[in-house]
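Next, two complexes with chain A in common: one pairs it with chain B, the other with chain C.
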Partner chain A sequence: MTIADIVAQASAPGQPRSVGLSADECLKCNVCTTACPVARVTDLFPGPKYSGPQAQRFRLGSELAPGSGRLSVVPSPDRSVDYCSGCGFCTTACPADVKIAEMNNRARGALRSGRRPRLRDWLLGQTDLTGRLGGLTEPLANWGLHNRLVRVLIDRILRIDRRAPLPRFARRSFRSRLGRHWRGRWSANAPAPATSVVYFHGCAANYYEPEVGQAAIDVLERNGFTVIVPPQVCCGLPLISNGLYAPARGRARSNIAVLAGYARAGYRIVGTSTSCTHTLKAEYREMLDIDDADARMVAEATWDICELLVDLHAQGRLDTRFGALDRTLPYHAPCQLRSHGIGLPALDLFELVPGLRAIDLDHDCCGIAGTYGLKSEKYEIAMAVGKPLFERIRAGGAEQVACDSETCRWQIAAATGARLRHPVELLAEAYDAYLAAEP
Partner chain B sequence: MARMTGPTRLPRIVDVLIVGGGATGAGLLRDLARRGLRCLLVEKGDLASGTSGRYHGLLHSGARYIARDPQAARECIAENAILRRIAPATIEETGGLYVATPDDPDDYVDAFADRCDAVNVPCDDEPLAALFRREPALNRQIRRAYRVPDASLEPWQLVEANLRDAADRGSQALPYHQVVGMERNGGFVSSVSIADLRSGTIERVVPRIIVSAAGAWAGRVAALAGIELRMSPGKGTMLVYNQRMTDTVIARCKPPGDGDIMVPVHTVAILGTTDIPVEDPDHYEVTPAEIEDLIYEGEKLFPDLRRMRILRAYAGVRPLYAAAEFARSGELAGGDRAISRAHAVIDHESRDGVANFVSIVGGKLTTYRLMAEQTADVVCAKLGVDQPCTTADEVLPGQGSGRGYYWLGDRLAAHEATGGGDAALICECELVTRPMLEAFLDERMPCSLDDVRRGTRLGMGPCQGAFCTFRAAGVMAARTGGTVAAQAEPVEDELVAFLRERYRGTRPIAWGRQLQELWLSTGIYWGALGLDAFVSPGSEAGDGHG
Partner chain C sequence: MATADVAVVGAGLAGLTAAIRLAEAGARVHVLAAGHATTHWAPGGIDLGALPDSRTSQEAIDRLAMVPGHPYGVLAAELPAALAWLRAVLAREGFELEGAPGDPLRAIPTAIGATRLAALLPAGMAGALPAWAPDETLVVCGPAGFRDFWPEAIAGALRRPSSWRGQTPPGRIEAVSVELPGLAGRRNLSSLDLARLFDDPAWRRAALEGIARAVAARSRAPGRVALPAILGLNDHPAALAAAREILPLLPFEVALAPPSVPGLRLYAVLRGALRRHGGRLQVGEAVHGTIDAAGRVAELRAPAAAREFVLSAGAVVLATGGIAGGGIVADGPATLREEVLGLPVDGPPAGNWLSDDALSPAGHPLETAGIRTDRHLRPVAPAGSTADGRPIAENVRVAGSLLAGQRYLRERCGDGVALASGVLAARKLAGVAR
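Entry: the complex of A and B
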């Protein structure tokens, strides 16, 4: 072996580096810190370079190897990393491929490991549980969550900000409305993979916005797909963001157990929540260290719905018979979508709709970052992060704004008063407009 | 040394003059001071800037020497226990694991535990499942592991603590002071000339006894007294990794060789070492062959090693002593590694007829205190002082209260407690805050940036000074006073000298990200600031520890 061999092998593309080891790539150029929407508005978060590759060297090395779980035998030296929102812009911006956001997320997990979680964080992590309870107690739950006095109490007791945007529970969940769709695990009797897709609706479409799930089904069926809606639980991202890795692993395992059967059989898995799909694609491996063949299979089979539709279009297979939607439509690309690295497919699709004038709002983050902006100590930060976005929307005066991610939609709607819609809802509307216009 | 002048003042009279400011010299200064003697220590560079500051950071359990040097092993485990008691803040309780890779000989592996037993080194079988859970980066083909009480030990703080204890008892250490002459009066050294390398002045010191604790340089010091002492300095090269791929000292279950031990020290991990005889302890180079050898062997422990970032390569010289007395026994057939790691106190009265000259040679950092104790016993016997050694019982100053051992997260946790962030940092990589730098300068000015580095770890992280050197130089300049122009020149020299020193260690491993980092640094200092800092004037090996 010579130095030349060492150099060649050191820089050869190989398997992806573990999150911890990727700190080796940092040149301290500070591009990530410049890109950070949170560090820009508050001193409470010192920025991704500081909390990420820099602080990483003061954390235990056992995290460096791929597939390792962190030891929680020593207390975490961290504190300020709690103010990272986890939006992921740092990782996207890094010219050296440091997994900064993932590193910070793990540090937040370590910060909480070995301690009993705060009731608030535990509750915010359990979106499937709260969704189910809320659905059962609706309309009381909706009244409570939008009553000022109750919210003041929740703020005082739980530290969920009384001003933060909480969604409304749907009276009937998306799944309970499903009719003829195949809803089981994969079996040989399931509809054929070539003409079917597996829909991962996630918690938002199921408990809060069944109309988004319905729009997805409409659009997919319009394009000749049979939609399969297999059993599923929360993807686990809210748990991950709140540092609750152990229950998140449980969610991941049960989703993988179901979805891998489909992935192996050649089905594509499509989601309407860019957060859920990114979790299936990347975070099970990078955050939860689940890196087996099944998990990889699921990751590779997973698509964001707009990504899938753009792909269909590229193959000439997308039904482009859209009716006119004559309106100006500001569009906000959520952080989680950017982490997919698939461009902004919704904008490509909007171009196919006659009359629709989509405008890229071109702002990095609305501030909410999942559950971050709901917390009393972070609400003001989240609002400051999103402020330029809200101002742009208000100044434009549009009634509707499009955005792929549910929590962003709720945040922007609350901050601007606009009606927020998933891109697939607009596509479904445009298909309907075509049918209505056809004689 | 052009401005040196002759002695003008009355000579300084001391009980003992110690030559060499490494761990042994510092330990001896402390020991003698505690026995009531007034001593002076001189060191030609900064304190602990020689071998003590260029070692791998391992507090030996003794397990490394069980087969070839049982005496050294016994001394190591005894001193290991003592240092844990007297200097906990300089020690990280990493533990050590001796692992059997497929390349390691069965007979050595099988005999390991018994040999440890024989020399009282505690040794436990480590179940493989626990091993890989604890250290997941290890080679999965490792078939057996033993846990021993190795640890990592920070040399600069240790030396500093010894000197402070001595200073509290009226004994002084002078860095940048070199012995340039000794006056012999028959079988007696009557006075010693010492040059202050920074001011250029020479002072005469009259000691009752001179002890050379100059390590690899002991031959030269002895020569000044007309004594022939042949040292066999052995170069050991080490690689500094940007992050700790292990939190435990990992070594191979085999006779000690090259690249077979990884020591996590502070933020880095150090892969060591080679062992090559050198002629001159001041001039030696890290060669590509050594680096290849280290990585090739190191990969047997950590298969991913080649993809991990190396910050620098450096070498230290072991103060090996191959005196005729040792060499005669014919034990040197195994090359350098066959020379005993044990130490020897040489009383030059019986050996060379010089009554008040003693040399302490050989040894290792782990046993510095024992070496100091045995040397101090000889010195005290000569001076008729009957005071017991107390260095094994009294805790060193600055060890804090309660918390005990150093922990990797200490610095980050402390910085986080004040709000964290880069704004207060001079060195971002090693989290050196402005108050930390100011406190060091308060105590040590005038000093070099390299002294600051040893005292604070400034410039020892991945950017190797790219972002902290100009900041630290600015803080230093502001303290020198005078006009801006008057401040600028010496500080600019200092800045260039520091960057060159950093570059010396980076150059042998300049590939991948570290090469890119070097270009970034070049862009800052050469491109933006117009300093020609990256033309290395010499070819000495990089400085210690990264």
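Entry: the complex of A and C
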């Protein structure tokens, strides 16, 4: 089989547009390099163009359709693609529609496939497992993860940087606090789809920030929805970003098995983590090659919570009786939100809250990129990527900063000392303020 | 579904100008763009017009305005105010545009040792504008190991009198490469890396002192130094001031192959101005829409993760560029398609798309492909149709290189048309409320 055969086969009519072959559209203009937050601060990553479309020539064999026989090719000319943080700005900036970030993500997966994963990367990928263990052993786990000596040991042994921002386990998980919410799989007895939504809380709201999950429930119930919280596992993104595609597929299949029942019955699935929702929407298909009817159904039913609320507002269905929150609120849009391609819905919602003056910080990336900035060899890169953002926040002096994604919130909070909040927490607060002010 | 008063498609000079002007006037503006491009590619000057035999940009503008169907027929009158506006936006961030449309077009050295005609340049490049005196030396100076700027090759090409388009060349042309501090072990340096280094006050002082020594060893005044366009990305005004203070001869920046650092500076200023006035900018969107039965575009759609992103807007500015910018694509061997709304494209007939001479002085045949509009920049029905010349989309305005009738590269009128049409489109839509 020749390269020409591979190209002909992959670009045959009816084939989905290949991530790898989109390299053919590259003009070598370097616009992606101007958009890369990592190449901006380190020589260890040569930039998206070099690692992506340029190196792709060496990887073409990995683009063969499954079952067509694979060429034995080197997965990548060198290991520098490991320093890509996966933020995705290269893909959005590209004027020629080259899937640069996706290409680099797959190359990272290929670098690691067939090898035993590093213990550290395996552990960082298992956010649901660590969350469950941490919850069981809290407060010991919290003490350990914030004790300097323990962190030095973890740094030495595992290479998770001792300065990296780790969250605190909640005493009780979000799920264990749920009241009379429907928690099962879909059945005919489940609340009606027109007036209910399915909540995908993800690991962060469940194990670390139950208050975000509670705020989501409050805001959705205020708008007349019954909230269903079906069984779920980690979306799998931490596994994907650590190159562990096989276990990620397992997580994806478990979630799809439960969520597809609801999606098929016409429910909307809403999430508070822009990372989880983007994984449900796009990465199962683009990264894990799970492209069956169920996966598509789940993807199309999934909404970021702010996206959903803006949509309700456009239909005149959002309860806009917000009380005043008199404050200036810097807002950071996380990379994963931008990959949704839905604009900045949180800013639209903040405009509805009297007194709230939201400011778009307009910085690309805070640096953490999921688990990237936790790693000892990448911590300083991550801090350098976020430095202008941290400086802007510190200079502004605001006590609170809003951001839709949990790992970004933890990174920014650790770097600035500000209190980081999910937009939906502010909306819940504004609804409460309205009730409190009502005579 | 998101909502805006005006949706602008395209984030080049035309789209951003229209968007900022509208936002300044109080409209809720949402810019959607497929990606970054023209600002990041363009050499960094503001090209208003230059014809092979025109002495000034103004002369070129006046002549182009007389050409039937050329956008300048309507837009030339808008240009002075549009330019004054751009100067004010740039000045707020410490940037200056030097030169004027009535100034003589000057041969400006480029990074391949050719020259291009320009009259209006950012301050960092403007040192190349004054005529060269016969006793002046041009020192071409670049960082050692920087692959996008080879002083010896540039100086060699510039020593040919034919490079100067009939204008007086410098009396002497020298080349020098300089090791910049801390870069000996670094490979693969890009213009971006170097420009960011020049943002650092301590590093740039050391670098400029090294350059000053190397230049002084080659030449005495009078003369000027040509440097690659790397004098700062986020703090260019300060880097330029330092270069002027430390170097023994007047420095000027030379445009490089993309990515363009001067273009990125311009983009950052415009993006900041848009944000300050509350406008939104969303990049990475392949936008499409339809004209409804009432002759209006009510919403734009773009594929997003899993679902389409829908933006409902009262009016639309289309500034997606011509065939080079991706606003128009060749769809098969005989059809030109406008990407967003499928508007009728005015262009050369199929069969006349290609020329035998890649560098023909007449320009590329497809460069003229574009959207014909009325005086209000509304797209019109194609020539020969029964509705010929009548607007086909009431709430749409076309701006920039997407406008038919121009050769935006060959006539060097792309920036002028972009600015003037951006300003005019915004004025035509002022008061649009959803």
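Everything that follows uses one rule, which is that the second predicted complex is superposed on the first by the 406 of 439 C-alpha atoms of A that agree within 3 Å, B and C clash if a C-alpha of one lies under 4 Å from a C-alpha of the other, contacts with A are read in each partner's own complex, and residues count from 1 in each chain.
Following the convention adopted for this analysis, a contact is a pair of C-beta atoms (placed from the backbone, for glycine too) under 8 Å apart; a residue touches a chain by one contact, two chains touch by 3 or more.
These numbers were taken from a predicted model, which means no experiment stands behind them.
In the superposition on chain A, contact of A:S339 is made with chain C only, not with chain B. When the shared chain is aligned, chain B and chain C each come close enough to touch A:P46. By the touch criterion stated above, A:P77 is placed in contact with chain B alone, chain C being left untouched. In the superposed model, A:A141 makes contact with neither chain B nor chain C.
By the document's definition of touching, of the two partners only chain B reaches A:C26; chain C does not.
In the superposed pair of complexes, A:T91 makes contact with chain C only, with no contact to chain B.
Using the contact criterion defined above for the overlaid structures, shared-chain residue A:V233 touches neither chain B nor chain C, since it reaches no partner.
Contacts of chain A with chain B, set against its contacts with chain C after fitting on chain A, overlap at residues 29, 33, 43, 46-47, 50, 96. Residues 1-3, 30, 34-37, 40-41, 186, 188, 190, 192, 196, 258-259, 264, 271, 275, 280, 282-286, 302-307, 309, 311-312, 326 of chain C touch chain A in their complex.
By the touch rule above, chain A contacts chain B in their complex via residues 1-3, 6-7, 9-11, 14, 17, 20-21, 23-29, 33, 43, 46-47, 49-51, 54-62, 64-65, 67-69, 71, 74-80, 96. Chain A contributes residues 29-31, 33-35, 39-40, 43, 46-47, 50, 91-97, 278, 280-282, 299-300, 302, 310-311, 314-315, 338-345, 347-348, 360, 362 to its touches with chain C in the complex.
Those residues of chain B that touch chain A in the shared complex are 133-137, 242-247, 264, 267-269, 288, 291-292, 295-296, 304, 306-309, 407-413, 416-417, 419-423, 428-429, 431, 461-463, 466-467, 511-513, 516-517, 520.
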